[in-house]
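Pasting the structures here.
Heads up, the next two complexes both have chain A, just with different partners, chain B and then chain C.
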Partner chain A sequence: MRINTRKIRTDGKEKIRGENKYLEDLEFKNLYYARTLRSEVSRGIIKEIIYPEIPENYYIVDKNDIYRNEVKMVEVDMPIFAKDQVNYIGEPISLIVGQNKDVIIDIINNTKVIYEELPSVYSMEEAKANNVTIIEKENNEFVSHEFSTGDISSLNNCEIFDGVYETTYQEQLYMEKQGAVGDYKDGELIVYGSMQCPYYVKNALMHATGYNEINTRVIQTDTGGAFGGKEEYPSLMACQVAAATLKIKNPVRLIFDRREDIMYTTKRHPSKTYIKSYVKNNKIVGIDIDISLDAGPYIGLSDVVLQRALFTLNGAYQIENANIKGTVYATNNVFTGAFRGFGAPQSMFALEQHFNQVANKLKIDPFEFKKSHFVKQGQKTVTNGVYVEKIKLDEIADKLEKLSDYKNKMKLLDTEDYYYGIGVSFVPHGGGFTGDGEAEHIKAKVKLKKNKNNTVEILIANVEMGQGAKTALPKIVASVIDINLEDVIYNNPDTKYVPDSGPTVASRTTMVVGRLLYKAAEKVKERFNEEEFIIEENFKAPDYLVWDPETFQGNAYMSYSWSGNVAEVLVDKITYDVTVKNIYGVYDVGYPIDIKLVEGQIHGGIIQGMGMGMMENMTSKNGKIEQNNFEAYSVPTIKDMPHMEFDLVINEYDDGPYGAKGVGELTLVGIPPAIASAIENAVNKEFFKVPVTPEYILEVKEYADRNQI
Partner chain B sequence: MQIEIKFNLNGEDVSIMTDPVRRLLDVLREDFKLTGVKEGCSEGECGACVVFVNDILVNSCMVPMANVINKKVMSIEGFKQTKEFEVIEKGFLEAGAVQCGFCTPGMIMATENLLRNISNPSVEEIKEGLSGNICRCTGYQTIIEAVQLTVKDGGELWKSNLTSL
Partner chain C sequence: MEVKSYIPIDLEDCLGELGNENYWLFAGGTDLMIRKRQWHGASRKFVRPVMFINDLKELNGIESDDDYIYIKACNSLAEVYENDEAPEILKKAIVSMANPEIRNMATIGGNVANAAKVGDTLPVLFLLDARVELRSKNEKRIRKISDFIKGKYQTDLRKGELLYQIIIPKKEYDINMFYKVGSRQGDTLSKLSVSCTMNIENNFVNDFRVAFGAINNKSIRDRYIEEKLINKSVSEAEGLIYTVLNGYQDLLYGDNDKRSTKRYREETAIKILHKFLKEALNEK
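Let's look at the complex of A and B:
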């Protein structure tokens, strides 16, 4: 099989027929159900929990039922079950476990928790004000980073522009809700779940239970969407069901209902970014950026999210002098985490929107203004790393201009009923973990097993979650060895059999894991006439990768994917409803392993980015998420879908399989600023927040109109 | 309270003892193990759970068992036995309209419902017809292509088909 043959998705048929099994579809003998008793206050000491009488064969599982009451992620600051204090609304206190769901709900409804409420922090402003301190760190700051390139203080005679840019919560809203099943058999603890990172879950389980490598086992079940939402959260649920199953020695299933899932699982961090830019001869020569993220009460992955937000802050541009600062704040809001883009959607919205506004103020077309700043091979990143690969931004811009007919569209006028607007964005996205993460922390290992019957089995911990890994990775293996796609086997990972090839995150699966499989497949090919054998391949960092994790200096990424997007909108002159007519995109993702899969990531990313840009308005009031179902939290439906067109620029990456780089996250990142800029262009006002909802447009317009009088 | 409820499920007469307020969704999934019917939202907002009841497409999470007494229920498990299904399946595969798959059986059922009503739908009609089904992965464009491919490939199936209505 050749890599450029288009293949039908290997998992397509069973999904269309509804035959594949998600967690909720699996049967377990003697299954117990679990439901979470949750905190009703945002911060308080638990004085007493008064449970009703618990019938026989029903159980309460709480902090006393686990060996170490800590969820091991990057740190261990989050408990599995609340200790003596709760820190956000919805924090799990205990599981009620039994075989009849109605009885369980009854028990929960009749339980009374008595709290001594403590003062809470509900916003980053309150956290900064520091009147109330909620963590054992100064100023409610979990972590803060600062670094610079060039020397901003040396700039003089510059025109100064500034702005504060905000983004709000975004919920992944994968269609399959979060869930885990714990089982205990012959001394072995097994957790099944919908997840992205089986080894994160396994490590968390070993930490929590004291079970070892051998008797802890994690099996990924078919995952109905994840988008980052199933990166760290499954570790918490897995530890909870593990505690339950070890207590009652029967399988225990915890699946959230949709409202719980929306309100209490991790979401995209709300952000606030201050940007001040220094302009000389119509170019931004210096930039001062300060970004704040709201982590909720536990740090989770927030430091890593912040780092990605920061390391990418020169965007697609060369900015010689930059001061970059970022802080993660603790609040008593729901805790936030990974979501497609992982910090970059927040920081790229701020940067792109700022560029757009500066261009408009300088009366330069934003497309041309951005183009004139494009970074080139050999120049430096904001962390003083060197762009070693070819950068084809000019080609992207050319293709985008043609594809979208930008120049002519710029001249389009408003109609009687609508304001017409067009906006453009250019963004990069680094593939794989930042800096030395792949080499020092993840240390991916893959295996290929050649079987007697000439099939080859992929043994990795990465998961299919909709993105198409079960097609893309077998395609790589099949085409290297030159066998049929059908002869490559790739089952859902079970940690008992697969090595730790790292998590399914950070646009790394095809690029990093795919590359390791590529190399392993070359070795399999050489020995293909042997009956049965296993090839193991370990990650080695490319030579050019220099990184100092202390100072954040060097190459923050192994490689970058790039995108250019143009959005066209119509804004209703009376209701301010926004219709996105067209979205055009040109992408450099190295080489597309399968064009249909790449298309799927592009379309899906565009629509989720559109949600973030103009629809998905998730808010928190006094620590409580205010939208808890599909009606209140509206994501794009088929009716909202704009016309989408895209093109690729091929730019093979030496350390990617067949030259492939990351795809999945990039496609979302450029959309919110493209749409927000288009709306600015349409109504001729500046917008500093996404989503740009009709209410927000109204607010900005009316304020401006009032001030004109 | 449990009562005996008889209905026709995917062409077969069945009868169960159950509470008439139980949701059709739960009975299909739990009692009949028809797990192709998915639960996405439980509030009638996502379309993952759609089935036909007397040839009308409904969200099975919103239907109490009392409402299906003596009626004909068809889930994806029944529909996948049909010729129409085969053509739709091919369209979805070709167009690459499946990602995580959780919305997919619902989309397939909604497509069938659309084509029963409009055998050669315009893009606007496709959008209208599938607007009750949320997909968080695909961005929908490939789903529209899938419906168009279906019509191109086997549209005549629906033109002649007024049988079950």
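Let's look at the complex of A and C:
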């Protein structure tokens, strides 16, 4: 087949028919259920746990049942089960395991945990104030980075603009809840689960249990959505079910309730970003940025999230002088983590909103203002890396202007009932891991196995989680070798058989893993007449990639994808309800491996971005998430979907398969600022927070002086 | 935990048994099944015995005579919506509730007897001067809905009693509006709702009604304020718009909660009413 042949998703039919099996559908012989006993206080010392009498064949699994009570992510600061102290509401203390769920519930309801409560920190402001210190680091700062480019202190006679921009929690709300099953058979520890990163889970299991490479095995089960929520969190659950199964030597299943999942699993980091810009001749020539992220009580992936937030802070623009600072704070709120965009939705909202506001203050059309700052090939990023590839932002802007009819739309007036507004955003998203991450940490390895019957099997650790990997990657292999798509086999990864091709995150699967498969497929093609063989391909960093992880200088990413979005909104003059009428998007994702999958990512990114931009208002009160169900946590439904149109700019990337770059995260990142800017345009006020809810519009429009928000 | 459940064969059996135990009445179950759940796959936590009344013939069907419509408690919201005689404004409220699947199961009696602050049929039934008929083994009594609903999840239902039917006076309303403000376009609970009707004849307002839902713990209806406009000419009434709005402003006590803010609820409700009055009084 050829790469541009349109194909129906390989996993589509069985999913639409409900035939495929998710973790909850799988049958295990003599299965035990586990439910988590959770902390009821946000910070406290556990003085005593008084369990009721435990019936025969029921078990308590806790900190004493694990070899090393640490969840290995980047650091190992998070325990698998609370040690002597709990640090957030919902922190797991133990698992109650048995075969009758009613009995388990009964045990939990009759268990009493006695705490000596300690003072808590519930916000980044409280963390900074440092009246209470909750971690063994100064000022409740997990980590802080600062770097600069150019020389901002040399700027003089500039007009100064500033603002503080905030984003709140966002929940991934994958359809399939988090879950894992632990099993122990013939000396082998097996964990099945809904996950993005089988090898993260495997490494965490080996660390926690002391089991080795050979007798630890992780099998990904069909995964019903993830969005980053199943990047690091499954490692915790896997270690818990491992402890349980090793204790009772029977399979143990832990699947969360929706409320547990919403309240206690990782969410997008709340952020606060201070931006000060220096303007000369209607151009932003310098920028000072300080970002804070709320990590909750454990660092998890938060440092990496912060780095992605920081490294693309020039956005789609050339800014010669920049001071960039960022800090991850510890709080006793729920533990935050990976979510589609990974820091960029927070920092790009702040930057884009600031650009929009500066343009309005200078009385320049925001579209033109942003265009006049576009970065070009050969120029430098905030980390002093050189943009080596072609940058087609001008082409994106031209297409976007035509597609959205921006110039005429700008002239549209309010109606009797609605304020009309239009907003625009331009954002980059770096594909693959940050800096030297791919080369130094991930070191992806893929295998292709040519079978006697002329089928070819893809052996990688990357997963299908709804994004289309099971269609895109086989398409690459089939088209390189020139065989039918049906002759390429790609099963859910089982670490017993697949090499570590890295996690399914960071918009890297098609671009990085797909490229390795492309190269492997070329070798398979050459030897296709041989009966049976395996080709292995290892990642090598491209020569142009220069990165110093100590100083954060160089190319933070191998390549960038780009998007331009225009949002049109109607704001009800009475209720301030916002209706998004149209979203237009033009994207440079290199080359689309499958146009329908790209469109799917675009539509999904728009909806999830709309949620972040105007609807999904998730708040934490005294350390507890307040919206814990589908009703209170309002995500957009089909009725809220705007009219969506998109176009692509083809810009092939030499080190991507067929020129493909990252897609998945980019499509979300530009939406919140486009919508927030459109609302600013509609009601003629400035907004500094997303989601822009009707309640917030009311406050800004009718009560707040714009400088005091 | 095991609890007793009872499926009565007819209304008489139901009322007879109701006096014996402190039953939860289970009709559509759309709220109860959620509220009582503990863990997917585990039993619901019913600590009291449960009686399943949804299939009782006597509690289903909609009847009418010259003056009233009688909606039996176990009609689903969808059945009420599809009935030709059900008031237009009630249908507007119903179609804004939940989603089609839930509307097929949830009953109007459940929405009333549950007495949730956000129950969308409640303000409309207040507006329609609806009454509820309550039955027990030896008694039948009729109460105004505004007396039956006492507060958030609080009603005047007595032990051994069952909400038998909702009685709505037949009346034509020339202009009627149910305006719900939620957090998205569908499948959402009210942050607030405003229900209004007005009848104008020969340039005189001969009826005007307003009810606010989901703001205070109990729906708000105030005949005294409504009467300020009744029997006034349209132009007189127009001059009294602010008097009316001020009157209601004093009655609204919204909350700050996970769904919205006090200020948003109260101010938006007044604005919606204001717009309704301007349009209703200018149109004629």
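In this section, the second predicted complex is superposed on the first by the 703 of 709 C-alpha atoms of A that agree within 3 Å, B and C clash if a C-alpha of one lies under 4 Å from a C-alpha of the other, contacts with A are read in each partner's own complex, and residues count from 1 in each chain.
Heads up, the rule we're going with is that contacts are C-beta pairs under 8 Å (C-beta built on N, C-alpha and C of every residue); 3 or more make two chains touch, one makes a residue touch a chain.
None of these values were measured; they are calculated from a predicted model.
Because the two structures share chain A, they can be overlaid on it, and in that overlay chain B and chain C fit beside each other without clashing. Shared-chain residue A:R9: touches chain B; no touch with chain C.
Of the two partner chains, neither chain B nor chain C is touched by A:E486.
Once the two complexes are overlaid on the shared chain, A:E19 sits against chain B while remaining clear of chain C.
Once the two complexes are overlaid on the shared chain, A:E695 sits against chain C while remaining clear of chain B. By the touch criterion stated above, A:M644 is placed in contact with chain B alone, chain C being left untouched.
By the touch criterion defined above, A:M615 lies against chain C but remains apart from chain B after alignment on the C-alpha atoms of chain A.
When the two complexes are overlaid on their common chain A, residue A:E522 makes contact with neither chain B nor chain C.
Counting residues of chain A touched by each partner, chain B versus chain C, the larger count belongs to B.
In the superposed model, A:E631 lies in contact with both chain B and chain C. Within the superposed three-chain model, A:D151 lies out of touch with both chain B and chain C [touch as defined at top].
No C-alpha atom of chain B lies closer than 5 Å to any C-alpha atom of chain C in the overlay.
Taken together, the two structures place residues 257, 631, 635-639 of chain A in contact with chain B in one case and with chain C in the other. Residue ranges on chain A touching chain C, taken from their complex, read 33, 35, 101-102, 104-106, 255, 257, 574-577, 579, 615, 619, 626-627, 631-632, 634-640, 694-695, 698-699, 702.
Across the complex, chain B meets chain A through its residues 29, 33, 35-43, 45-46, 48, 76-77, 80, 89, 92-94, 96, 98-105, 108, 126-128, 130-131, 133-144.
For chain C in complex with chain A, the touching residues are 1, 38-43, 181, 183-189, 258-261, 263-264, 267-268, 271-272, 275. Put simply, chain A touches chain B in their complex at residues 8-9, 11-22, 24-25, 27, 172-177, 222-227, 257-258, 465-468, 596-597, 599-600, 602-608, 629-631, 635-639, 641, 644.
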